[in-house]
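I'd like to ask some things about the structure below.
Going in written order, the chains are labelled A, B and C, and every chain counts its residues from 1.
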Amino acid sequence: MAAGEALLRLEALSKSFGGLQAVSDLSFEVRAGTITSLIGGNGAGKTTAFNLITGNLAPDAGHIYFRGARVDGLPPHKVARAGIARGFQELRLFNRLSARDNIEAAIPGQQGENIVRALIGGHALTEERDVTQARSSALLRDLTIEAHAESLAERLSYGQQKLLSLGRLLATEGELLLLDEPTSGLSPGMVEDFCARMRRLTDAGRTILLIEHNVEIVMRLSDWIIVMHQGGKIAEGKPDEVRGNVVVMHTYLGISS
Amino acid sequence: MEYFVYIGTLIAIYATLTISLNLLVGYTGLISIAQAAIYGVGAYVTALLALHVTNDLLVSFALASIAGILVSLIVALPSLRLKNEYFLIATMGFQAIIFSLFMNLDITGGASGLYGIPHPALFGYTIRTSFEMFLLAVTLAIICYLLALRITRAPFGRLLRAVREDQTAVAALGKSVFRIKFSIFIFSAVFAAAAGTIYTYSLTAIDPVAFGLDESVFIITLVIVGGTGSLNGSVLAAAVLILLPEAFKFIAIPDAIAPQLRQVLYGLLLVFFTRYRRQGLIGEYRDVLK
Amino acid sequence: MSVLAQFAVNGIVAGSVYALIALGFALIFTASRVFHFAHGGVYTFSAFAGYTALVTLKLGIVAGFLAAIIVAALIGLIINILLYEPMKAGGVSPFVAMISSFGVLIIITHVTAMIWGSNPVVLSPGGQTTVYHFGSIYTTDAQLLIIGFAAVLAIALWIFFRHMRLGIAIRAMGNDSELAEVVGMPARRLRNISFIVGSGLVGISAMLIGLNVGIIDFNMGMDIILMATVAMIIGGLGNVGAAAGGGFVLGMIQNIAIWKIESKWQMALSFAILIVVLLFKPSGLFGEKRPATGL
């Protein structure tokens, strides 16, 4: 998809839990090749929006289009297969699998993941294994954690775990990356590293939808910002435009940062 | 000699059952206590075939496995939606229902079961001696072990363990959790049912008690004692736990309480391993059960 | 019609029996979040303890009940102190404790058989059973005692959990034991109390049921704890009153179903109901909302 076109489009999305309206009449677009940020205070509905996009929740109303095709109503693994890779704030790594296995579990289209093919075995699977390993090694090297490739994920430091979780997303080859607080809890040096990585990713043709609390990062990194409040969108625009918006200052920048 | 052959056959049958359950419990994190029911379905289908239709071993294996798969799917389809405790209790419910069918249907012979089952035939050759049955049981166990080893080392095995760790994350990576669980349920059922075929032909008589809830708990005890996620552990546990009570025969334990003492021993082992050594004898990690 | 009425009365008796077991089981679950299957073993063992006092030693009915209550409470407490508390302290989830509990159930069941033998024994108070007739419906004194006791107990526990400080504390602890510790409730002691009370209750129930049936055997705890599990789940988890209600509903369904279905299918029917409830109403018929599914 060419840069600038709408890769993801939400149309009048609503979701409530019991009496609580978590997301209401939410519409926005994410253009290909951009970094788009969702901002808003706690409970503004950002993570619910993520869960709706990924199919972990079903919307009460509204539609979601990815590359022009509807993805609302699809189960999470089909949404992911369509090209939407989702990271979790709480990482959700496979703790007692090695770092390498975490990455390799994410690589799509492996024949050996089918039980019948795994039982038959044979040369094709051996070759596939070599390709998979080369791919995971390259990713681990790029993430600077290749020295820990065979360590269990739970043994890595928090920063390394964050890198690994990003690596797992990249391994899916998803076109759109949903990142939930990717820099929280990181040292200033690592935050810089993450920002540079995100920029490199969009330069390489990926698209990022970001939930981020750190206003400074959002302003510096985003091409487009969507401000949410009480489940709805109250403003959107380029960083400068949003910064100048009084409502935004009040509901988000003023209160929750 | 006959006695040792019999014990050896039992060990091979239980090794097969334990491996087949370990794939669910230890690798995939599905704590099912319906394995004895699937095992029983294999045993009863084999017995009914042998009594009424054919004693051909390969046909027995094939139809027992198909029946095992079907019943396993009936258990799996609703249960797979449920979390930990609820999954366990749902499988326990199916175990009780299937046991009740063995116990109360006319065709299964009720509480007295089925007996007088003819010897099996393999390519026209009738397998008569218990030693040949022993060889057959060991062969099945070895095939089960090797195939389990193969799938657990393949990318499929990585997905099993990933599901055990965090199934939401697996789905977010574009892999169908349902398909993974479904595949392993079927694989597991094939070998549990095949173990039932061997059991029927070895004993030539079966009754429901061998396939009740106690039996399912026993198989899970074997998995835990051996080590969740360890195929070698499963084999070791089957050998140790079948042999251990046999030792009672050589010390002065009265016959009247020997079977009770055996159950107490199994109960103690289950408690001991869940309390003090959750990685089992040679398991992978101590907190697979979490 | 009168046949159906008799089935209904039988259903009330059976329902009360299940409610009695489910009450203690649910009390313990509420406090510790453990499916305490060993409760079935405590039930069996305490019935035999009562048998020894009442029949073997001829100490009288009161002594029989006391023996059952004390032995049950002690075993329950010991299981909690030696097994569940250390597991909890070690960060092991109640789920593993549940598997462990199966082991304890097996141990107690077969130790009972080693002590008292594997044949059923007659548990009788010595005197005649009084049979009451209401038209064509009959019932016995032991049955009336079971119904009355179950009703009183269910109401008492309901009041206890809704309106008394200790009861509210136990419920709060079940929901969040760390929270309870933080606000200064002695969680460990509350759990111990729950095990003592819950197990003591099963001692009484074991005697009542044993006297009603007239015989007891070492294996009887297995089936009863399965039925209590079904009762607790169809009633609603984490709620003692709901569990009693579930037991009652289960007993009624089982006995009214006899009208149409042979009694040998009772067990299968009960578990079929369990599975239907788990799938379609996991919070139970009378319970708080609590998701059982997750994918």
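Here is the rule we use: a residue touches a chain if its C-beta (ideal position, glycine included) is under 8 Å from a C-beta of that chain, and two chains touch if they have at least 3 such contacts.
These figures come from a predicted structure and were not determined experimentally.
Traced through touching neighbours, the fewest hops from chain A to chain C number 2. The most central chain, judged by the distance from its Cα centroid to the centroid of all protein Cα atoms shown, is B. Comparing the CA-atom centres of all chains against that of chain C, the greatest distance is found for A. Each of A-B and B-C has its own count of C-beta contacts, and the greater count is at B-C.
Centroids of chain A and chain C (each the mean of its C-alpha atoms) stand 49 Å apart.
For the pair chain A and chain B, the distance between mean C-alpha positions equals 42 Å.
Chain geometry summary: the mean Cα position of chain B and that of chain C are 30 Å apart.
Contact with two or more other chains is made by no residue of chain C. Along chain B, residues 168, 171, 177 each make contact with two or more other chains.
Not a single residue in chain A touches at least two other chains.
Listing the residues of chain B that touch chain C in their complex gives 31, 78, 80-86, 88-90, 92-94, 96-97, 100-101, 103-104, 167-168, 171, 177-178, 213-214, 217, 220-221, 224, 257, 260-261, 263-264, 266-271, 274-275, 278, 289-290.
Chain C makes touch with chain B in their complex at residues 35, 83, 86-87, 92-100, 102-107, 109-111, 113-114, 118, 222, 226, 229-230, 233, 262, 264-265, 267-268, 270-272, 274-275, 278-279, 282, 291-295.
Contact residues on chain B toward chain A in their complex (touch as defined above): 147, 150-151, 154-159, 161-162, 165-166, 168-177, 183-184, 187, 284-285, 287-288. Within the complex formed with chain B, the residues of chain A that make contact are 54, 56, 75-78, 80-81, 85-86, 88, 92-97, 101, 104-106, 108, 110, 112-115, 118-119, 121, 125, 128-129, 132, 168, 172, 174.
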